[in-house]
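Written below as structure tokens is the structure these notes are about.
Going in written order, the chains are labelled A, B, C and D, and every chain counts its residues from 1.
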């Protein structure tokens, strides 16, 4: 079992999931599919600004997951069955993101009602978005731990490899904190998801990029 | 005709089918696309727990099919037209799974009515899910038989290769039994599908994993 | 510009188009998304038998197109811009098939009304399905002609290569005849599409299969 | 980090996005999913001619973007993190095109109302289609600039490589002009998008096609 076909299959799932995100950005229609009244389309499009933001945030999250998955395979030189199943677990989380994105996009702007403020729909939607992102981060850390502990990697000294496990874990903790923020202020948590995505884009620059010959 | 492009095409179909499963997990809405009343979203999401379970079960089924397809190609070193068509047959079954998943997810919780208890909608949906899984298992066994009988494999002694045919067949029989269970208790059959998926994940570990140089 | 990435991209489009076909097989619902009355699901599923048939026929058509595309690239060893655009034209036809399939599946069972019998909806749907298949066959022939005339192939003597052009053309003519049949009897034309798909599966067996070293 | 997996992932996104375009071509139905009255399907299909035109235009735009992306990687021989993120930015634009296509297809034929003529829905839809195309062109130019400035290319003398940056920029300006035309006459802008797509198909023929050994 080579890593190549596993990478090809994973690339396929990443590519489909990231492209399906656009299905959550809807063309505005009135009830029963009637066209929006003339001269009101621009307003209808700007009113759904949140669906563009969630599209961008989820695109960056999946994109960076792919970059890091890609980087991981500079070191992973063989795979075994447990590793394949941890990879399936990661892909199961990735493929779930279009759903949590659609949920967040639909409900984050619903006005809060009085009473029972904790379980407002916008809070629940943002918390689930955070939970799916946390699970994805957790699955990624588990995949890396599996690769390290089962000796599937090469070109990286064991100390450095192990030191990355708590780093992944701490990233997951930050994502988990965003779930708490979701219950306080859903839009703030959306901003936090965006910042986290950008942070991850830059943060891990030094470590996994060098070629396997290092 | 090399095996590479056939693997690439198959990987593509597997990847698209497995990712399309998320389209069967719906964001909760009231009739005509209205948002769920505030503070009721969590309840609406938990009410559709069955769609998460079917997502996970089908994801594992397709994922394991991919792992086994992948393992098979450690031995299959050339392809001919009949093999290509058996592969198409397998992919036709795989691509059908998002439909049977959506069917099961929609109907398994419909309460039984009195009278005509055999053809309750929940029974029919679970039976069809089982039938599609059985057909997929059958197509997989047929593909392997085709490879063995037409001498398309290398690196595996013929006796071992042939002995795997009845093993695949017996797996198909177990799946077929799940169709019977579906008519007795649909939710039990769902649990059975889950157990079968996990069982297949572990069962075939020893046989197809070793590299072709063995 | 190598043929590899072009094959990878084409494989992707083939794989997505063939898997999207399942989106045309619908879970039965009553109006407004209500569940079908209990014990009526089996009947509702059998009533839409035509959508399974069109799924299978279109799956075979796209699958065989892929097999032949695959076979063609045993000989095509370089690509140029015109070839890339003829390939895009073929992919544009392939990606259109899920639409013509959905159209046929929705309208082929609509009962004929009296008067204006020529333009019955079922006739029109079947004719358009035939027209898209004809266009796909035509694009495939054009792609092969382009490869032959621009000297992009190797491992095949020019006479054999050229002799295949009228063969592709004659196949296109047969598909075009199915458009005529569609106006006489749409269900007969569906049977014809099925037979044509199976015929193409076997017909071209001898020619393009041998390895490029022949 | 090799260019291969990045190309594979990009190919996947291009392939999914280009195939999802067909989801914007709808089978005609009356309200509530009822079939079109008999003998009226042909008329209903021709009435939605604009959705075929937008399908073709967007297919060509994404297809040519893929061809040029493909050509670019004849020269790009290594990638770094910034390049990966510019590539993600390009893919984010590409994956957005099915949305702008659906928007244009739905609204370009809505008749203009008197008053507030500037923000007619058809104008807005065409302008957004143009803006997404412009952003895609801009992202493509940025990706090339990134490759040139960060020394990721080989087989092309630096002067030629740099001279291509203003060429990409000028293409983006032409696309930006189409936004202005959209506010004057949306259908004219659709014709312009088509011409631009065909123009780009031929225009860049000489430059990026030669093999990297040139």
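Operating definition for what follows: a contact is a pair of C-beta atoms (placed from the backbone, for glycine too) under 8 Å apart; a residue touches a chain by one contact, two chains touch by 3 or more.
These figures come from a predicted structure and were not determined experimentally.
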Q: Pick same or different for copies subunit A and subunit B, depending on whether their interface residues overlap by over half.
A: different
Q.
I'd like the angle of the rotation relating subunit A and subunit D after CA superposition, in degrees, nearest 5.
A. 90
Q) Using mean CA coordinates as chain centres, what's the subunit A-subunit B distance in Å? A) 26
Q.
Centroid from C-alpha atoms only, then distance subunit B to subunit D, rounded to Å. What do you get?
A. 36
(Q) Could you pull out the residues of subunit C that touch at least 2 other chains? (A) 8, 11-12, 15-16, 20, 23, 32
Q. Across the complex, what residues on subunit C touch subunit B?
A. 7-8, 11-12, 14-16, 18-23, 25, 27, 29, 32-33, 35-36, 38-42, 45, 55-56, 59-60, 63, 66-67, 70-71, 73-74, 201, 205, 209, 211
Q: Name, in rising order, each residue of subunit D that touches subunit A in their complex.
A: 1, 5-6, 8-9, 11-13, 15-17, 20, 23, 31-32, 80-81, 84-85, 88, 91-92, 95-96, 98-99, 102-103, 106-107, 110-113, 115-116, 119-121, 124-125, 128
